[in-house]
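Labels for the chains are A, B and C, by order of writing; each one numbers its residues from 1.
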């Protein structure tokens, strides 16, 4: 896995897949069993103890899931601590802390203690602290997971802005796919300690490289050759290789009451406001379909499905 | 869960039953060796059944309890058998005691008879010097209280603490009297690092255990410990030195508490108990445990020398001064 | 909440449909309030008020002697100063000793690659189980003039000097320190383990070295725990009576607790009361400081689920440290037990250990002597009745504090945990004053011991029950009510089963205390109501010999060990399913307090 300078890469995966451990290995909190970590050409860790550079010498910024603000230090001291350890002079330190707090719009809260701040504010302090020493790498360990939905969205923008402004290389860990899709330059999908796919958000969504990725990101329908549906649309692929199956996103299917490639019966309806989701049963197989907000069908109604050809994505059978 | 609640309930009931008063028993406050008390109780109850409610405690707590109840105006005992006469003079003065002349009083030796007293002396013992004969040769052993102030015994002499022991107060007061009514002896003893024990019987115990080398305490526990050693088959290292100034005669008074409301049955029991205590049988039991009988028709316990000096204490005088003596001694000893 | 406590007449709108039920429940609650208030007044408020009045010369409503004379005479007396000085030395010394040892061991076990962690835990548990008075006796057996160490010294060097002495203020400090450090160890290792590791990781990532992480983050974070446990140790050590009496009486030194006892012996009740008040003021002050410290600096944070991997390598120090620690702990917790155990088989303490000097008689005596048997049964029966009283009152009060924030309830729960700050000696004095004479003549009945024990057990029961009761989601009770259970039914079917582990451990801890408690037993017992404490402190038979006391001690240690294992086991089982984070925090907050309550 390679991370480019200045990019924001998100590591996405179900809980327990090892994404946090990977982050901790990069930070130097956890000693990896094997493998190498190199930053800017310097070997940080290579599975052997003697080549392990401890966390305090790596100059990395880290934002913890629970922010890890020191409760016995006030906001100023929290942000100033990494600078103090770098033996930065008092005046410069003060200026720098002020600058950081201004950046996260918390000027004036210097003398408050963490427990006096709201969750979002604590989060911003954690950011200011992580960025205070101008680290070569910023690591974010699910920093948004403790915030409510609205605040989370707002913070996503802010993080992206700060990251872009500083041009700092950032590794972000999350299990929230929409967060990953909207923030990242690239996404790495991880499962069981393995990276399944690294790609831009668009590619990850539209062209998943395997079933796990396809299933993990968004909703999808898998069509196998023996399902015998949408035969005309996908015959071409089968001609090339028998050993494939297909993922079709629900929004890539259109529904009509009159005509279409395949016909089925509406089994259930979910009204979502901006869209409607239907489960349509075709020859005993349930297919999820997403339609516009005005396409109403009733349960039990016979409908017809059409497939947008360009949206097909083939997966190799394992 | 339910079982637990039932269990608690049963316990409550058991507690209530357990606490219910039992009728026609007399309460006796006393101190002394437990085995002796048990033997006396067994002997007294042999014909009468379970009629004694015995509160056995150290002489110090006993004195404290009696004094507290006296000040509160009601003593909860029917009979008191103390370790020394000091408190009995005060009890008598306060009219707390009932005069009873036992038919057995005629057997008591004259030196144990106090005229016009509401109590009788039930038995006696001697305040003496005791030492470890394994580490101190008989020729080296002190022959007087005075020799205990020798610096070669520094930190090695023990005496019971008057805060915990009433007999200790009696002994300390007596030595004060021996030294002509001043504290000079104890001042020297303090400089010589005298050690305190919580009880008189602890003095010979600590000597035998090697914590102390010498001590001042009543002689009876030495005899008992020697007997124990003989019985269990190990060598006792305790010896008594009978002081030149005189062994302090520590008399143990017995008295009936005045109580007009006491039932006739109980009243008779209290008289029976005093008669019993002065009987030959009971006196013999106490002699077996090392005490000196007040009766003329009984021998001294085994292991006593034929002849030694006795210091006859003026208990009445000391009793009148006991609170002052107590405070002065404490003031002297405290660091 | 579907109902509220109190007579303020507030009812929640959403329940207006079940008004009939509400009036009945509210009535019920004020009934509970009155009952528990009466209990607390009877057990705690009345005796302490009498004590305070007595110290000012007001006894039995007689104001003639009112004044401060007894306080004045306390402070005029040079010996009181000495007693205060000794008390403070013991308090400060014990605290320092226990904190140093406890914090050091906690770090060793929780944060380093120390190899014998399991054994350290085990040995700490050993010290935890031995009652302090028994530890004091073993101290004499080891360091007395003819103690094992002196004998070894004489044997090895061949000289006839005995360098160790068992009796001094420092000895009291060491014995109490050895007795109390396990509490420090447990509280601090709890704090270290439960603490948020990401705080330390954040510091390391910020560029702090291991040492700086420790100095700047770890230490300040556990400081509130260390401080509050330190204050607790301080107040426990100044409240101590047994060890002071054991190790200071022989050299005629006093502490405030022995002074109270002496004053009582001299029947100077007023003096005893005012010295008691001085003692309570010191310990009350300490508790107050503790309260404010823990109130303002509560760093309890969300528990991170990751195992802390930050173990510090001891490097070269590993083996010297291991040897030192094991040796020290061996001397501090294993040797005392070994010494007590060995001594209990001697025909006479002080005899050499040869086969012909060994006997089982000390044990057979205990079981055949009716007085000994009586003492054990008294301790158990009184302990059971007293803890049943305390548990009942605690259940009612804790239940009320959950439902209502009214001032009355707050005052009630304050008074019920007040005995925590009162040394046992003082509780006994208050009991003598309160129960000796009309209107309550409990003196020289078992009830004076039982009600005083009940007062002593109140805070323990409160803590044990409150810890579990707070975990109970009010919705569970509401659900029971909706399902048709009345107030009593909900209590019986929902609350009681859920707090049952707490009740059980409160009961066991109380029983263990009643088996080894000394000052209350000593001062309040009378004919036939002797408890084990009386037996231990004042062995009447066989002239107060160490071998008999040791045999009793072995039995008490065994009982304490069993009881402790039992409560530890219960504690593990008492978690009900998955608990919310907030509740977990509450539990954590209480588990520390509860452990502290283990002692005395």
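By definition in this document, a contact is a pair of C-beta atoms (placed from the backbone, for glycine too) under 8 Å apart; a residue touches a chain by one contact, two chains touch by 3 or more.
Bear in mind the structure is a predicted one, so any value in this text is a computation, not a measurement.
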item	value
Chain contact graph, described as a line, ring, star, complete graph or other shape	line
Central chain (by mean CA position)	C
Distance from the mean Cα position of chain C to that of chain A, given in whole angstrom	52
Computed distance of Cα centres, chain B from chain A, in Å	88
Cα-centroid distance, chain B relative to chain C, in whole angstrom	36
Chain A residues touching chain C - in the complex, by the definition given at the top	20, 24, 27-31, 54-62, 64-66, 68-72, 81-82, 85-86, 129, 133
Touch list for chain C against partner chain A, complex	196, 198-199, 201-209, 212, 216-217, 220-221, 223, 297, 299, 301-302, 304, 306, 309-310
Residue numbers on chain C that touch chain B, as the complex places them	79, 82, 140, 144-146, 167, 245, 249-254, 261-262, 264-267, 347-351, 356-357, 359, 361, 369, 371, 381, 384-385, 388, 432, 436-437, 444-447, 450, 496-497, 500, 503, 522, 526-528, 538, 540-546
Chain C partner contacts - residues on chain B that touch it in the complex	1, 4, 8, 11-12, 14-15, 18-19, 27, 29, 33-35, 53-58, 60-61, 64-65, 67-68, 71-72, 76, 158, 161, 163-164, 195-199, 201-202, 204-205, 208-212, 221, 224-225, 228-229, 232-234, 326-327, 330-331, 333-335
